[in-house]
Amino acid sequence: MNESDRRFEERFARAVDGLLDSYKALGGINHIEGRQLPSLQQVVEIIGDLESVLFPGYYEKERIDRLNARYVIGEKCARIYSCLTQEVKKSLLHTEHCETAGALEEAAAERQAREIVLELIEELPRIREYLYEDANAALEGDPAARSIVEVLLAYPSIRAVAIYRIAHFLHVRQVPLIPRMMTEYVHGKTGIDIHPGARIGKGLFIDHGTGVVIGETAVIGDYCKLYQGVTLGALSVRRSGPATWNPEKRHPTLEDRVTVYSGATILGGNTVIGADSIIGGNVWLTHSVPPGTRVQIEPPYLIFREANGRGPAIRRPIDYQI
Amino acid sequence: MNESDRRFEERFARAVDGLLDSYKALGGINHIEGRQLPSLQQVVEIIGDLESVLFPGYYEKERIDRLNARYVIGEKCARIYSCLTQEVKKSLLHTEHCETAGALEEAAAERQAREIVLELIEELPRIREYLYEDANAALEGDPAARSIVEVLLAYPSIRAVAIYRIAHFLHVRQVPLIPRMMTEYVHGKTGIDIHPGARIGKGLFIDHGTGVVIGETAVIGDYCKLYQGVTLGALSVRRSGPATWNPEKRHPTLEDRVTVYSGATILGGNTVIGADSIIGGNVWLTHSVPPGTRVQIEPPYLIFREANGRGPAIRRPIDYQI
Amino acid sequence: MNESDRRFEERFARAVDGLLDSYKALGGINHIEGRQLPSLQQVVEIIGDLESVLFPGYYEKERIDRLNARYVIGEKCARIYSCLTQEVKKSLLHTEHCETAGALEEAAAERQAREIVLELIEELPRIREYLYEDANAALEGDPAARSIVEVLLAYPSIRAVAIYRIAHFLHVRQVPLIPRMMTEYVHGKTGIDIHPGARIGKGLFIDHGTGVVIGETAVIGDYCKLYQGVTLGALSVRRSGPATWNPEKRHPTLEDRVTVYSGATILGGNTVIGADSIIGGNVWLTHSVPPGTRVQIEPPYLIFREANGRGPAIRRPIDYQI
């Protein structure tokens, strides 16, 4: 080993020491000596199994038929049961400052996790009823959609909504961490960011989807339709609002059969969009509208000029109407 | 086994039965006893091989040189030929309600799939001519781009457009499912959602790209440039339009050398943006403009106040001009 | 072999020949006989190791405790050192038109790469200090966030910003290609597109994040907060600007504690958003504002009508105020 190599090695050893010191100095963003956290990799594998039993025959390599269905599905459900129970248990035992749960707490968490995961598997047929409506809403809602098969193989909406529905089930049962890990995973895959706390009726279709944000306390009725870039968000600063202001409900409510076109932003926990309303593209809405309302931005004036910069600038409204 | 375990097991078995019943009750979102569908995993692997033969030397682990090129590329093409033929065959045999094709149909579908995939491989040099223009358009169009190598290694645009061009080839030959699976895969990776039905000239550059939507019947000329969040979409509700209204053409046309800045929305099948036009950020456009037009939103008035909420609100136009 | 098979084979062979010819005809988008380029797959694996030593205990399968920490972390650092050195070396040796570096240049590049990567590992504790502030900013900035653990397991912001900080370190040391490969990888995963050239203070939180674009010469102070769809971009066409126009600085500056709400676009290298300012959703801003300013769009007029199209259209301003 020459002198230069030796110096590199010494610096390397000191650098690793520096990192280890930094773990002691900065709590929180390292998790050493802590309880094991749920594993993102495991959660992703469980999501794969859940998608497979929700939509059998679509994502497996082998054909599923009447003969093998019971075994294929049963085996996947058993894996969901045992793996998800372990991850939920880790989540339940995780609390920020308490790392000292004893064997009794461990056993209680295991029982609770088993119960929650089994209830989830029992709930899957009802979740599938919702997803059936979601898939058909996509087929009806997009003129470019050719078949339910295409919706299941090539639409981000059905995937994002399916995982949201699973995550919401776990969120309602107060499982920490895992619901958000699930929805964030599918956010990364689809650009659709649905908080597991949101309450969403059946037959939701989100076309294209990139940039959609649905906040924690949003409520969406049946058969609603959203386009890319729609935000159902919180008012960031408390307005001097009405007496009905509810700090717990920060995000809006869409009643049944509401359509929201691309780029629209609807904000605030007291904002209720009445049934059958249509909210136009780019609308910015912070108060309620009654059922059956169409809202659009005032057709903006555009300024036209020649590309060479010569000639007059012409100011003209557009004639758009939803 | 204790009593509690036994009860869990019984509930588990009933839950699996419930799922199996649900598959019988709800058709469409399960695919049992059906013909095998194209496999997303296979399609993704084929995309990897296609990217490799389109841009050899960029994505492989081994160096490609004059000596091994014929073998490396030939082997990848052979794999594309055999794997994609199988997936295309499955797609051709898939129809919603017909699951009973006999051996004759199978053989015909195999022949047709072989022909289509071979034609695709024969077409690759011409697709590369388009991609050469696409890559150079990125280099010329982004002041931050340093080299063609950087464009190929680190720009989402070239990847999204390459896969779109393959998918479009298959779409034109009426292959079901696979074209959309391909473009949706790359949509998930890049945030760029191009329907395989769109017709796009050479030299397209999409900067940043997240949130871009290009609809099924959109037409884009040569050397166009789009930024993040641009929608080329359909008018959702039929306007009482002119006699030239064409229900088949729902999305707009950009002629050659059109630039569309971020967040702009252009809607409608009769909307034609003339050559060399520049459409400014956030513009909402639903009618045609002649060649050489610049369109921008009327500089919006903004309201300025001090962050502490005291002091007057000042309303001021901005002086932006594209 | 029958006649049809033979014809297919001949066409296949000719198609491969056509592809090989196309590589000769079109330079740039193939890289044959060139120096080996950095491998995206390797870069992705290195990113995984870097995330693991930056946030130990969060992403590994095994628990990290005081006993094994030195070994687990040391082993990962050693892998980062050797793998990243190889990729940085390839990047340094890569130049568009010079493929003929001899053994001397190779040795020099190896030494330079070793030095840069070692400096990066030495810098990790300081990067962690920034990330500590970033993670806490997320916890404080999002009412839906429950714990630092949730932020690390389920927020795209911390991941995008961590990789940006690594990439920026390499960018400043003029490593080609790899910084952009890193940030583009995380752009694909999160929808957050930060150029490695941007300069960003501590405590940055990007909520939701999809569609965020931060340009090459942008500068962001400490404790800033951005929402989805925010662009810090370049003015595309040179305005006849003031004498202070700086062609090198194309993107804006945010001073400390600036908040920018969703969909806002801030453009231009001379645009400085003063400290403690709040920029409202959808604002389009191309000039500077002094510290402590709130900017919002003029509350837009909306047009309301009944969904059946009957009844009058009502034009009404909204009463939004940030």
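Points worth noting:
Letters A, B and C name the chains as they come in the text, with residue numbers starting at 1 for each one.
Methods note: contacts are C-beta pairs under 8 Å (C-beta built on N, C-alpha and C of every residue); 3 or more make two chains touch, one makes a residue touch a chain.
No experiment lies behind these values; they were computed from the predicted model shown.
The two sequence copies chain A and chain B touch through a face in which the numbers common to both fall below half of the numbers used overall. The rotation relating chain B to chain C, fitted on Cα atoms, amounts to 120°, rounded to the nearest 5.
In terms of their C-alpha centroids, the spacing between chain A and chain B amounts to 22 Å. Multi-chain contact residues, meaning those touching two or more other chains, occur in chain C at positions 191, 210-211, 229, 263, 282, 297. Every residue of chain B that touches chain A in the complex is listed here, in rising order: 4, 8, 11-12, 14-16, 18-23, 26, 28-34, 36-41, 94, 96, 176-177, 180-181, 183-184, 187-188, 191, 193, 195, 197, 210-211, 213, 215-216, 229, 231, 233-234, 236-237, 239, 250, 263, 265, 267, 276-278, 282-287, 289, 292-298.
Chain B contributes residues 53-59, 61, 63-66, 69-70, 73-74, 77-78, 81, 114, 118, 121-122, 124-125, 128-129, 131-132, 135-136, 143-144, 146-150, 152-156, 189-191, 208, 210-211, 228-229, 259, 261-263, 281-282, 297, 300-309, 315, 318-322 to its touches with chain C in the complex.
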